[in-house]
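Next up, some structures in structure tokens.
In what comes next, chain A is part of two complexes: it sits with chain B in the first one and with chain C in the second one.
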Partner chain A sequence: MAPPSKLSLGIKRASRSHTYHRRGLWAIKAKHGGAFPKAEKPAAAAEPKFYPADDVKPRAPSTRKANPTKLRSSITPGTVLILLAGRFMGKRVVFLKQLKSGLLLITGPFKINGVPIRRVNQAYAIATSTKVDISCVKVDKFDDKYFARDKKTKAKKTEGELFETDKEGTKNLPDFKKDDQKSLDAELIKAIEAVPDLKTYLGARFSLRDGDKPHEMTF
Partner chain B sequence: MPFKRFVEIGRVALVNYGKDYGRLVVIVDVVDQNRALVDAPDMVRCQINFKRLSLTDIKIDIKRVPKKTTLLKAMEEADVKNKWENSSWGKKLIVQKRRASLNDFDRFKVMLAKIKVILSSILD
Partner chain C sequence: MVKGRTGQRVRLYVRGTILGFKRSKSNQYENTSLVQIEGVNTKEEVAWYAGKRMAYVYKTKTKSSGTHYRCIWGKVTRPHGNSGVVRAKFKSNLPAESMGRKVRVFMYPSSI
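Right, the complex of A and B next:
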């Protein structure tokens, strides 16, 4: 066993010169030309102009990612949905596909019940068990960007015009959208007319009558 | 007005409350003043309170507590299923079940058919 390196608290066994030699500090000095290598001091940070009153940790940004919206199992492409709210409340429409935003892409078809190609939230639709065959309908070109609103350019108003009400330009549907509607519905209407009474069914609105118990009705 | 439907061994009854609601069962034994032992082809034999049974007109010929196979044979011979489905009570229940299972499109078609019938009766 090596002799102890200290005899008592604070009293070392080896003297300062002995340890200097033992540690080879003379060799380090010789290697660096006669002086100890001095470590570079890190540059002092500039004094901040402002110290906040409380030492508050900045909140780390959330890494939580939203899951894609789950589509109800009763809603499949071609399902007839009943819309529950909005301008087309009660209308029976055909479901085409779910968009990336989670909204459902639907169409009336327009000729049958006046509902255009539109987006609808699942929560505001009842799925019936009636399905239409939409295998021959192409819906690839419809996505959320198709339905984005046009950005309005605001012209600077002079003092006199400030108090005039906005002269709104008539909102016309661009022609390509009308053509899209026609081409989409052409195939779909053929599939609908193949089923008896389905066309009149889609043309009629749904409503509750006396005695109807929605919690007991199967859709 | 004398009673016509009696609680007896072999009386077919309809369960009107509980887990087996709507099932046709045969009274196979009487346990006490309130309860009977009942059995049906697709059910484990169990006791049930008389209050949960609605007696029907149908009665089959069995001895007290028959074996399951004997019971099934007796039900076949008495043709309980057909007798029930042809009775007005049985027919009503079948219609009720069908109406409850209609989906939205079916209900629409029924409405169209009703209108057609009314119109044709007015126009004729």
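Right, the complex of A and C next:
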């Protein structure tokens, strides 16, 4: 163990010249031409005109990242789902894939039951045990951006036009979306027609009848 | 009510009857209603319905948002007793005239 650096309070073991030599400041001085390099003092900040009344810590932004939505184990690509709410409630549709937002990409197919390529939330769909083989179907081009709403260009209205109703009532589906539907369904319908009765099954809607107990049903 | 809904009408809800409010002999707590769901007769069967949304639909004399029908949304919270009765909480407390009337118990949020 090294000898203690203090012999007593205030009395150091090494002499001034010894410690000076040990610290090596002479070497730094020699390197910089005889003088110890002085660090530049940062320019003094101007006194702010305004001091807030309370000393409040600025809130640090949250670094929490949301986990991706978990897909129910009963829902796999090709599963037939029953939609529980919305315009197409009761319709049986084919599940294609889960999108990055967590929503499920589905299609009727359109020719069979009128349901287009659409997104649906897992909570509003019942997964049945019926599966369709969708290995030949290409779904890579569909993502959440595909379904984004078109931004309406707001033209400045003159005084007269302000009182006119919007002429943008009609929402025409762009042609490329219609073509996407056709090409996606073409493959899918072939796979569906290979299974007996599946086409009529998908065309029929689900409904509860008298005496039905959903808590006892297997879907 | 969706306009222009021609064709098949599908029922995707289970019917339920509003029995009244959660209560003891002489006090009632209107923030929680009791609902008897059709076909549900035991405490164990209620587990499937926990969290499912319900709607109390009623008609009014005046129109709001273009229709005479209005609705109070709620959800199944927990079983009440051993025989399949269910406790439900609604967005606003149900009116007393709802007692004995129907409520729709939907199948969503689904966990099947």
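Definition applied: the second predicted complex is superposed on the first by the 176 of 219 C-alpha atoms of A that agree within 3 Å, B and C clash if a C-alpha of one lies under 4 Å from a C-alpha of the other, contacts with A are read in each partner's own complex, and residues count from 1 in each chain.
The rule is short, and it goes like this: a residue touches a chain if its C-beta (ideal position, glycine included) is under 8 Å from a C-beta of that chain, and two chains touch if they have at least 3 such contacts.
Here the structure is a predicted model, which is why all the values come from computation and not from measurement.
For the composite obtained by overlaying on chain A, chain B and chain C can both be accommodated side by side without a clash.
Residue contacts after overlaying the shared chain place A:198 against chain B, while chain C stays out of touching range. Touch criterion met: A:219 reaches chain B and chain C at once. When both complexes are overlaid on chain A, the residue A:80 reaches chain B alone and has no touch with chain C. Judged by the touch definition given at the top, the superposed model places A:94 against neither chain B nor chain C. Once the two complexes are overlaid on the shared chain, A:211 sits against chain C while remaining clear of chain B.
Residue contacts after overlaying the shared chain place A:112 against neither chain B nor chain C. Of the two partner chains placed by the overlay, only chain C lies in contact with A:124; chain B stays clear of it.
When the two complexes are overlaid on their common chain A, residue A:72 makes contact with chain C while staying clear of chain B.
More residues of chain A lie in touch with C than with the remaining chain of the pair chain B and chain C. Of all Cα pairs linking chain B with chain C in the superposition, the shortest spans 12 Å. Under the contact criterion defined above, the residues of chain A that touch both chain B in one complex and chain C in the other are 206, 216, 219.
If you check the complex, the residues on chain A that touch chain B are 80, 82, 92, 128-130, 197-198, 200-201, 204, 206, 216-219. Those residues of chain A whose C-beta lies close enough to touch chain C in the complex are 72, 74, 84-85, 87, 89-90, 122-127, 205-209, 211-216, 219. Residues 100-105, 107-109, 112 of chain B are the ones touching chain A in the complex. Residues of chain C that touch chain A in their complex: 2, 8-14, 39-40, 45, 47-49, 106-112.
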